[in-house]
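Below, each structure is written out as structure tokens.
The same chain A turns up in both complexes below, where it pairs with chain B and then with chain C.
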Partner chain A sequence: MTTDDITSLIPQRPPILMVDRFSYEVDSLCHSELTLKEDNMFLHNGSMVPEGLLEHIAQTAAAHIGYRRKMAGEEVNLGFIGDIKRCTMGKRMPTVGQTVMTTMRVVSQVGNITMVSAESTSNGVTLIECRMKLAN
Partner chain B sequence: MIKKMVSILASEFEVEEDVITPEANIKETMHLDSLSLVDMVGLVEEEFGVEIKTADLPTIKTFADLYDYVYKNQK
Partner chain C sequence: MKLKDSLYKIESQHDGVFDILMLDGHPVYEGHFPGEPITPGVLSLAIVRECASMLADKELRYSAVKNCRFAAMIRPAEKLTLTITHTPIDDGSQIAAEITDREGNLRLQLEATLTDSLN
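So, the complex of A and B:
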């Protein structure tokens, strides 16, 4: 499933929306994209700040959870970042006009806590790799 | 398997290996809360290929319970 209608999967709305396109592959794997526009809230001197990438990954994970909830006939709810681990940042941050592509895998899930691992790239270059726990 | 499990858990949760005894309570020994419990579940799946189902978690109280679960469910 691929959608540009992210707002049906996560509660975030512009200007804080950080996912343009979402693809659900299987229960434990998904992909997302974000093309940086000039009005993005997480820009500094034309480049994205690291917090923007983390928010993008968190919203990717939230969309994955949201899609699963939607398919189960449940409401999409607000989630929270619980923890970030094993985080490595690339040397260059994406700039306006570039597209960030993220692959996210669910590592484990216990109740309403989900741990994911994610890698974001742009033009084939790794921007960030991390593990993130979300509570929803 | 037990030696590897003890080593990995001690390293991940920053406890001494000798406190991880078969009869010790997992949550108390490794100071696990609901957020860090998911770390242990992920670690077991990645290192031993065993998925701990949420419904089974209440039955895994001690390290002996965990070893038994992994042993029985390893492919």
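So, the complex of A and C:
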């Protein structure tokens, strides 16, 4: 399942909408994309600060949770980051016009706590790898 | 991106301890979330980065987050205390940081590496 209507899956809205496209593969795997535009709030001196990538990953996880809730006939609710662990960021950060591509695996999902492991790349170069725990 | 004086204000600062006031009205609250303003967790990380850059007297960005725990939400108009311990390394700083409210309740706990070798 691929959606262009990301706002049906997550509650975040501009100026902090940080996923353009989301595709659900299976319960444990999804992909997302973000193309960096000039008005992105995480831009600093022409490139994105790593906090923007963390928000992009958090919203990818939120879209995964939102998709599952939607399929179960439940409403999309607010979600929050519980923790970030084992996170490394690459030397180069994406610039305006570049597309960030993310692969996210769900490590565990118990009740309203979801643990994910994600990697984002741009033009084949790793930008960030991390583990994140979310509550919704 | 600069958040000081738009998302938060530093009311006082000494030896790595920053008394911070979260400001109302930053545009991010239009989207996070509509009708329910809550400071995005990643912007707490950005506040720590901006303050760590002040301590190091150079512009830093994250290169690794070993552990970051968001213990409780932060909302506009809250008064908080950010404490940063930083150790200079070759190309940046290693930091440990905590954000608490003025009653001492933990909001954020962080261990991270920041670098000054930018793009």
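Quick note on the criterion: the second predicted complex is superposed on the first by the 136 of 136 C-alpha atoms of A that agree within 3 Å, B and C clash if a C-alpha of one lies under 4 Å from a C-alpha of the other, contacts with A are read in each partner's own complex, and residues count from 1 in each chain.
The rule we apply is simple: a residue touches a chain if its C-beta (ideal position, glycine included) is under 8 Å from a C-beta of that chain, and two chains touch if they have at least 3 such contacts.
This one's a predicted model, so the numbers in the text were calculated from it and none came from an experiment.
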*Counting only touches as set out at the top, which of chain B and chain C does A:Glu51 meet: first, second, both, neither?*
second
*Touching A:Gln12 in the superposition: chain B (first), chain C (second), both, neither?*
second
*chain B versus chain C as contact partner of A:Met41, first or second or both or neither*: second
*Between chain B and chain C, which makes contact with more of the residues in chain A?*
C
*Now for A:Gly82: first (chain B), second (chain C), both, or neither, which partner does it touch?*
both
*Name the contact category of A:Val110: first (chain B only), second (chain C only), both, or neither.*
first
*asked:* Just checking: does A:Met93 make contact with chain B only, chain C only, both, or neither of them? Give me first, second, both or neither.
replied: second
_Intersection of the chain A residues that touch chain B with those that touch chain C_ = 82-83
*Would you tell me which residues of chain A are touching chain B in their complex?*
82-83, 107-111, 113-115, 133, 135
*Touching chain A in the complex: which residues of chain C?*
1-2, 27-28, 30-34, 36, 38, 40-43, 45-46, 49, 61-70, 73, 117-119
*Contact residues on chain B for chain A in the complex?*
34-35, 37-39, 41-42, 45-46, 52, 54, 57
*chain A - residues contacting chain C, complex*: 11-17, 41-47, 49-52, 54-55, 58, 78, 80-89, 91-93, 95, 130
